[in-house]
Structure formats: structure tokens, C-alpha cells
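Read from first to last, the chains carry the letters A, B, C, D, E and F; within each, the first residue is number 1.
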């Protein structure tokens, strides 16, 4: 039973060690990456990719707009 | 009137055991929590319902064909199965079933064949569990969907908050030790069991389920129920702990506004994370790999139709199936044991300690650095996304009605997801 | 020019049998019914197309790897497979195949291995059938989706209509007896076969398919086609029967307006139903369990994203696969037999008798109770949701243009779903 | 053959018996449940759950409303 | 400090091989192409990411349980596995693994059982590959979705353009011969390998993957990457070839406006196509069958909810899984070989020749017929839907700004899909 | 090696032969079908099927139209 507790303690030490080491490395790598991106990243290719991809999400599609215009027209006619 | 007796023998009431009755009530309780108390209903409703189905007597929805044949088959069938096992038919149904469970693949194939010829088939919950959970594919697909819904922006704007997500994982290992300590009180938790219990403290459903399926499948029902229940209870568990560990002044600390994060950084982050996992901790690769895939798909902006399906139809389908499969493990003999009480207590302890260490880490950061950190957001490091971040925001507003901590808390919140996946990798490696 | 002969031998024309030709025409007929006549197109289109695919000569889309290897493999392959079976290679392909079908799992594994090494793989329809139908998972998932689209409100407002749904199940057992009687005319239906045929009278696609897969898989093609065709023919089959059994005056009976039903009742009903199933009739648990799960998810209102997927993406995917898998059973040797004619006739009889007993039960209720029941709505007790309810409404409007029976007929309509699932449980228990 | 018919008849009796018994019990249980709900059920917790959950289904989401307002505005401008 | 060494031994860095490092870089390159260059991102992003996951050392995401146990298991485990194989434990891990791969099903079952007992499970990518690609079901489902998104209208309005789709398949067979010719330069391509390479020229992702999985699974990674990359490069590859083979005057040819096509024709076409396949070329039945099913569902207009799911949720889910499964084959030992270079070169050659023969066929048609055909649209016969049709339109507009060829090019474009599926049938039949 | 090339050439001949034969037959069958449809196809049953099925695709559903009308109304009220 005591060996089991010892194993548990060891696992805790290793576990928290690995978690902290991993996340500290990740902090470093991420910070470095952000620095590099700030300096070099705004290359035209990437930013183009960024901008063309963005709108897809929040613009209603042409079909929807058409349907809405139609509905608006119908709605108005029905109120005249 | 032979058939009438058969009829009565075929009712559930005739076969209903006390354990099944209690489990049916427990599962009704879970449904009540899910529906009336809104405790993580997306998971607890299917889990509770799966538990109901699993505890319907005779129906065998959560049983293999072999198990059903062994328990309800005719004496002839039992004799021919005993013969395959090289045993005496009088050994008793339970003894035969134990032997069948331990048998090699060739023998199991033959037993399955005999069961099928006698019209016994694998129950639907058993099939879903085998296909989706034993392979690990359901929690991994859910993690992909979670990745597709996660925004690392706040984390990238303030990477130090990763450390809060690290500190909050202390709850995992504390609960692990606690589980081992319970052995002195007569429970019987192996190191693998203790690791699976500890991971409740990760406050991440799919991670808990993935780890438990690998390390201690017989505890899956209790651990999943505990994990999702405590996640739902975060608004009740965390505030008193936060208040106890911080002064009113600390809670009013205003943090610098987060800088805008470019899409390039957001695209590179999941890739970097995956490469780091590959080089340092391959045991965390399945979980973090699928998580990063979902996030990369989202941030890349070039596969929006895949992201849409991943974070809707796919994750929804898998959520239902996962819930049912977890419910399949809510059997009386696995759930109605002292160990379940231990799991429920330790899960709560894990949440509380994780919250506390997250807050304390934030206070430590505040001493070491010039940039102020409101210690409240440390509590969000346990993950329980996005509930814990909202709780941090609410506690912050109580202290200072103009201090919005939500975005600041999202950093440690998603860091906690990474942290517990890393911890899961360590546990799988050393306790597996 | 060796290859040219190989080429000719590899065409479908060279191998096309008369039976396959007829089945191709039958399947084109099903597509015509689905597309031009709108006969339950969601199912009949995939079934018809699956049937086309299954009857493409040589392609073996609905065949196992072993079957393909046995029927089209080289003499060498045949010899080595015969050796595994401990038979003489000259026994003939059919004899060897019969032996392979009856062999145990170890032998089948070896045969499959040999077939795969010779580049024969399981056909895609065979795989879909094996994975989705033999396990029962497809009809159960569809039933979950149906549950998520069902409103028990009208039934809860007027629970007596459950009795109409009970009476209409008489068609099931009448057809069962009819099938057994056909044995005197030279057909060969076992009790299990007869039960599977009878269930057509339940007018519920997934229930029919679930029961047939368990009791009489070789009849699946004919039974599924009959079930869905007659469901589409409800507007033609039912009105004359209703008119024959009711007076014009009875058909004008106005029913009391349905009381509003609270959400609490709607949430509790699927749970009560499941508990009742658990205690009384566990054999119906898979079907009614999944049905109740879908309904509870819908009525609880707390998991709307799961409900959305269940009643759209998931049910649609499974519907396509289920249709293809059923189509895989439309082979000449199983469909082009006298028994199919018997099934078509009995299916019709079952629908007619179910309609009649539903109507008669409503008339009986009218005698026993003070609350008026328009006997037309009894016809909706066969289920065929929501077609039968609409038919009842239409026949009612003919008698009295101001009498809208639609909502009143929805009660017996969904009661019929429960009724036939209960009947299915009995059949699986006693004829299985 | 005759035994088969006998079995069939027996199955019919049992089957219709079970179907009717089951559904009659269900009528009773359901009626009882409705009565109990009417008397005790409108407890605040449940009704709250009911009301907050209801609207999700039939209100257009804010994003859709925004998109529509935008479309309406565009539509008007294009007609001026 | 025993555990610390275990810890270091459990990192990826400790186990990272040179080949894995290069493959990780290759996969990062694929992600860059997918995200920054928009090279068919729907497929190349999951493929690239799958490749990353597959090359994470030790994690074994793309390995079977047996493979992981053989490569990383303890000496005891190795000894017991060697015993099952009837070999000496000292034979070395690689030798044992080779033997395991060649073993029969019974032995493999036992080895799998041993591996599982030692906590090794099948990797998630291995599972996805086995379930989805080895069975062929993923490419077939994608083909169904593609069918549900295909409009045969332009083709039906001008059926002659089918011939352009036929001619463009010449690239397939030219590349096949090229692959065999590379054997003189020291590569080792079998006829089946050559056929799989040739099919890249079909410019159809699912067709390439389906054929390669059947004929040369070890080349799948390279072939899929080549196929999707060249499809993305169509706007660069095709224009110079088109210009080189046509005069400026030919490129300005105006084509007659396409007649309207009735829905009846659109409904009948997929049925006719399937019947023709059934009678003439059953080997193409799986691919063209699923394609026709998708198209018939769409054109029939009676199952729109199934079509919606087929062309959204279902195809998206399968696309992610397919990509991951293909990525699972991007291992160093299969990709970092001279043969991959050959495949990349031959894939390009196949695209170029297909483009050329399509254009030349159009010129030939122009001579034989009175109805003018702009030879540019012949290039669209390689398929690569709809990219190649858009390229044709663009090249046409350069020559004459008022000449819109898009709809005219859609005819040969979809004809190319049929053409390469037919060619795939021939290859599967003769090289399989 | 040479046999392999011979097999490859044979496969090319057969393959292109089958591809062309198949697609030529398809041209013929398709043309014939279109002719027959033009002559007989506009039978009432089929065309009815055609017309009733068509609108499903591009009309906004009643629910959407309702939502739009509601939004339009709200939008107007908010502008008064």
C-alpha cells in the first residue's frame, strides 16, 4: 500500500513537472512566434489569405438576400 | 397456460433486481438534473437515458450477445457453451461467464457464434460502447469539435495565462493521491484507477472519458457523472474558494486591455502546439492532435464547410452516442459500490484544489511581473469552458462593477484544456 | 485476343440471369413509384436504387467477399477454399458456398482471408447491411429521429385514443394467421416468417424492418417494399373501409376541443412510457427506448442542438443507408418466389383489417363513454404517421366541411406507433 | 401444420392481450400523471425551465435579424 | 530517477527518426499549400494534418495495436508474441512484425489479443483507414455527394461532349505506360502500381483514392497528394497546353447556345447510365452507382432533405475522415522513396496529356460535324470539376471577351468524371 | 520487364477502347432518350411531378417569410 502511495507521489511530481515544463515551453514558443509574426508575418500572401477568407462567415449569401428582397416586395404589396 | 407463465417470466418486473431499481432511480435523478437544473444537459440527458436503458431487466441493451446467452439462455445452450470453454455445465452461469470474459479470441468467436444461432445479439448500447468508446474515437471526435469552437485569441494576447492553466492541474494529482489514500479506508483503487479519478479535476469531459476508458473502464459511469455534474456546479463551487483566497482589493485589479491577435498567429498556434506535443509528449498526441486539427480548420478559414459540420452535425451525433455509451456503464454492480462515493468526494476535492492552485498561481504571477493579473481569473484555469470564465467574470463584477474579466479569463480557461490534456498524456504513459 | 474474351466475360450482359433482369425491372418500377407517384420516396428511392445495385451481375455489391470468391474465383482459389472446408473441390460452387455459410467463425475467417488475398472484398451494400441492419442500429436510430419529430400532445389531451391504437394492431395478428394459413396452399412460412409478415400491418417502417431483420431476414426485401408501398397507399386503402363501417351520421360527429397540454406532461410521458416498458415488456425496450429518447430530447427543450441533428442530418444519413441495405435484399432468389405474392396480399389484408378494427373500436368507445368519438379517427390507429391522420381529416371533411379531425386523429396515430412497437416486442419474444 | 396454426392463434391471443393490457395501463398511468401535474406540477422550477427553453425554436437569431435589417436597408437604398 | 529516464524515453525527440522529421516538414508544406495557396484545402488540410499525426514518434496513431506492441512492447510481450508466431523471440522486432503481417486470421487475432492485454490499441488513424478506406466506403460516399452536386444539364444539351471526356482519359493510360517505363530506370512498379499511378490523370480525387486503395495501397499517400495538388494546379498547367495546340482563331469559336433540358431527361440520365454500367462494365458499378444515386436523388426533387444532408453534413464528415486516413499513409518508409518522385512526375504528365488529347479530340469533332466546338473546352474533359471548366472559360475570354464557354465546358467536365470512372473499372478488372 | 510493357500497351488499347465504346454508346442512348422524352415525355403525370417538385428548392419557406415579415415590421417600427 505504501509503495502505491510512493508511486502516486512520484507520479504527481512528474506530472506537475511535465505540465509546467510543457506549458512554460509553450509560453516561450508562442511569445517567440508572435514576435516573428509581428516582424515578418504580414507578408502579402498570408494577409491576402486572411482577408479573402474572413467575409465568408458573416455575409448573408446572395440567394438569401434575393429571397429577402422578394419577401420584402411581397410584404409591401400585401400592405398596399 | 404455459405461455402465460412464459409471459410473466418475460416481464421486467419478474427479473428486476434491487440494484437495477436503484439505478433506474439514480438515472431518473440524472435526467432531473439535466432537464430541470440544466446540469450540462447535452451530456447528462443522454447519459441518464442510456443508464435507464442499460438497467432495463432482461433487455440486455448494454450486454454482449455472449453475456445475454450465458445469463438467460436455455440449459442446452449453456451446455454447448460450457463445452467450448472446456468446463462443466453445472459450474453455474456466473462462473461460466467469468471464464468466457477471460477467454482468448478464438473461444470468444465460437461463443458469440453459438449465442447468435440462439438468437441473442449484442445490445445496441454495448455496440455503441465497443465501437465508439473502447476505440477512443468518440471523445477524440468531440475534442476535434471543441477545437473547432475554441478561440485561442485571448491566450495568444497574454501567453502567461498558460501558467494558470498549468497550476490548476494540481487538483488532478491531489485527487489521485486522495484516491490512493482511500485505500487505507478499505477501498481498492489501483494506480490506474486513481489516475482516472484524478482526471475529473481536469474539468474536461472528453479528456476524462478518454483517459478513463483506457485506464479504468469499470469506473467510467461514476467518473463521467461526477465530471459533468461538477462542471455544472462550477458557479457554486468556485466563488467561495476564490473569495477565501483573495483580498477584496486583489479582486478589483484591472488588467491591461488584450492586444489584437492576427490570424497568422491563430493559424500557427495549433500547429506549434502539435509539433511540441509530437516532440515532447506523444502520449498526449491523440487528444491534443484532434483538438489542434479542429482549431486549425477553424482558424485557417479555408475549410469553413468542414468546420460547420464538425462543430454541429458531427459533434452532435457523437455527443448523443457518447452519452448513451457512458450510460451503458451505469450498471448496479459497477456503480452501487463504496468506490463511487469516493469518486464523488474526490472529484469535488479535485475541482476545489484546482481552483485554489489556479488562484494562488495568479497571485504568484502578480508578484513576479509588472503586468497586473487579477487572481480571480486563475480559477478559470481548471477549464470547464466557458462556465469557469463566466464565473470569474461574475465574481469580478461583484468586486468592481466596471471590471470585465471575461476575455481575460478565456486565456487560462483554454489553457486549462491544454493543461489537462498534457496531464492526461502523463497519466496514460505512467499509469497505463 | 485472349483479353477480348476476358473483356466480354467481364461484361454484365454475359452474366445477366433472367432473375436479375426481372429484378432490375422491378427496381425501376419502385423508382417510378417513388419519383412519379411520390410513394414514400425517402425510403423507396434508396430501396429501389439499392435493388438496382444489388442486381448488377458480377459486381457483387450485395455479396460478401466469400460469396464473390466462391462464385467467380479461379479453380485454384476454389480448391484452396474447398480444402479449408474439408470438402472436395469438385463439389460445385453452390455446394461449397452452402457449406461456407453454415461454417463456424474460424473457418469463415480463413475463407474471408483467402478471398481477400485473391482481391475479393465485401460489397458495399453487404457491408452496410451487415453493420447497420444485422445489428439493428439503423432502424433504432431512425426511430429515435421519429421520436424527436413526434408530438404526443393530442394523445395526452385525450389518452383514451391509445385504445384505438391498440385495436388497430389486430391487423398484425390477422396477417400472421393468414400467413400460416397460406401454408395450406403450398407456401412455407414458419411462425417467425408469419410474425415478420404480420408486422407489415403495424404500418411503421422502422418497426417492420427491425422485426424482420431479427425474425426472417430473407423476407426483408419483400416485407419492406410491401410496408412502404401500402403506407403510401393509405389514402386509397382506408376511405372505402371507413365509409363501409360507419354511417354518415357517425362520420359527422364533432369532438370536444383538445385541452392544452403542459410541457411538464410532455416531458414526463416518454419517461413514463419507458419505465412501463422496462417493467412490463423488455422485448420492446430497444424500439420504444430509442423512440422515447428522441421524444424526451425534443420535449425537454434543453438539448435543441441535439434534436436538430437527430431529426435532420442523422436521420437523413441513416435513411439513405437503411434504404440501400434493404435494397441489398432484393435479389431474384429471395424476391421472385411465390411467397412474395403472399406477402403482398397479406400486407394489404393487414392494413385493411387494422383500419377496420380501429374504426370498430372507436364505435365501441362511443357506446361506453359520454365524450363523443368520431369513429373515422379509429382508422388512424394503424399509424402510418401522419398520412392516416390526414386521411381521417379528409374523410371527416367530406361528411361535414366544418369538422376538422386532424388533431383528434393524431392521438390514435401516434398511439399506433406505440401499439405496433409493443406488438413487435411480443412477436420477438415468442416467435424469435 | 395444425400445431403451427394453434401456435399462431395462441400468439394472437397473447399478442392482442399484451397490446391492450399495456395500452390500458398506459391510459391509466398517463391520466394519473396529468392529474398530478395539474395539481402539483406548476412548481416554479419546472415552469421556469419551460419558459426559458421555449423561445429557442421559433425566434430568428439575432444574426439573422441583423442580416435581414441590412438587406432591407440595401434594398431601400437601391430603390431610392 | 528511474522514472525520469522513462520520461525521456517517452518523449518524441528520443524516438524521432530522420524520416519522420522529413515527413513532418513535408506535411507542414502540404498545410502551407492548403492554407496559404488554397490548394484544394478541403482535402489537403486534413491530409497534411493526418500526415503530421501519423509521423508523431511512438504515438502510433497510424499503427495497429500489433505493430505498436511489436515495436515498443516489453521483451516479455515480444516473447509471447513470437511464441504465437512459432518463431524465436531473438528474431528481431522487424522480422517478427513481417511474420505477423503475413499471418492468417487466427494468429492475428491472438496477437491482437496479446497486444490489447498489454494496453496497446489500434491508432485512431489506423482505425479510420481500415474502416473507411480498405472497405472503399469513404470514396464511394464522397462520390455520392459529388453526384448530388453535379448538373448533367449541359452534357444532356450537347451529348457529343461526352467524347471529349473520353479522349482526355488518354492521360491515364499514357501515365500507366510511363510508370512501367520507369522500371527501366530502376523503379519497381507492378502493373497494378502503374494503373494506380495512371488514374491520377483522371483528375478525380475519390476515383484515384478508390482505385489506389484496391490496387496499390502502399502508394496511396503519394498518389493522393499528387492528384489533389495537380487538380489545384490546373489553372497553371492547362492554359499553355491549350494555347500551344490551338490557333487564336479556333479559340474564338462561338458555340451555339445550349438548349434547355427538361427535368425528365435529367431524371432518366443517371438511371440510363447505371443500366449501361450494369450491362457493360460492372467493375465500374460501385463508383458510378453511388454517383448516379446522388444525382438521381438530386434531380428527382422528391427527397430534397436527403440531398441536403448528402451534399453537406455527410460529405463533409467523410471528407475529414478520408483526408485523415490518406494522411495515415504518409509514412517515411512509403513516401520517402524514389517511386514518389516518379509518381509526381507521371501525375503531371498524365494531366498534360489528358488536357492535350481532350483539346485534339475537340478539333477532330470540329472537322466531322457542322456544329462548331471551341477546342478549348476539350481541356475540361480531364474533369477536375469545376476548376477545369473555369480555366476553359478564362482562356476563352482572353481570346474573345464576349465568348462565355463556362456552360459549354461543364459538359466535357462532367463527362470526364464518367470517363475516368469507366477507365477505373477497366483498370480494376485487368490490373486487379 | 518487356512482358510488363506489352501488358501495359494491351491495357491501354483495351482501356481506351472501352472508354470510347462506353461513352459512344452513352451518346447514342442519351440522344435517343432525349428524343423520346421530347416526343412522349411531357405526359401529364411526369410533368406534374416535375412542377410540384421544383419550387421546393428556391422558395423561402413560410417560416422564413414569416420571420422576415416580422423583422421588417420591427425594423420599421424602430425607424418611426
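To be clear about the criterion, a residue touches a chain if its C-beta (ideal position, glycine included) is under 8 Å from a C-beta of that chain, and two chains touch if they have at least 3 such contacts.
Computed from a prediction, not measured in an experiment: that's the story for all the values here.
With centres computed as the average of Cα coordinates, no chain lies farther from subunit D than E.
Relative to subunit A, the most remote chain by averaged C-alpha coordinates is C.
Between subunit A and subunit E the centroid-to-centroid distance comes to 30 Å (mean Cα coordinates, whole Å). One finds 37 Å separating the Cα centroids of subunit B and subunit C. Of all residues in subunit D, those touching 2 or more other chains are 14, 18, 46, 49, 68, 72, listed in ascending order.
Taken residue by residue, subunit B touches two or more other chains at 3, 35, 38, 106, 109, 280-281, 300, 302, 312-313, 430, whereas all remaining positions touch fewer. The touching residues of subunit B, counted against subunit E in their complex, run 104-106, 109, 135-137, 140, 214, 267, 271, 274-275, 277-283, 285-286, 289-290, 292-293, 296-297, 300, 302-303, 305-306, 308-310, 312-314, 429-430, 432. Considering their complex, residues 155-156, 159-160, 162-163, 165-167, 169-170, 172-174, 176-177, 180-181, 183-184, 190-191, 194-195, 261-265, 268-269, 272-273, 276, 280-281, 300-302, 304, 415, 418-419, 422-423, 425-427, 430-431 of subunit C touch subunit D. Residues of subunit B that touch subunit C in their complex: 3, 6, 10-13, 15-16, 24, 28, 31, 34-35, 38, 41-42, 45-46, 49, 52-53, 55-59, 61, 106, 109-110, 112-113, 119, 121-124, 127-128, 312-313, 316-317, 319-320, 324.
By the touch criterion stated above, subunit F contacts subunit E in their complex at residues 1, 4-5, 7-9, 11-12, 14-16, 18-27, 29-31, 33-34, 37-38, 41-42, 46-47, 49-50, 53-54, 56-57.
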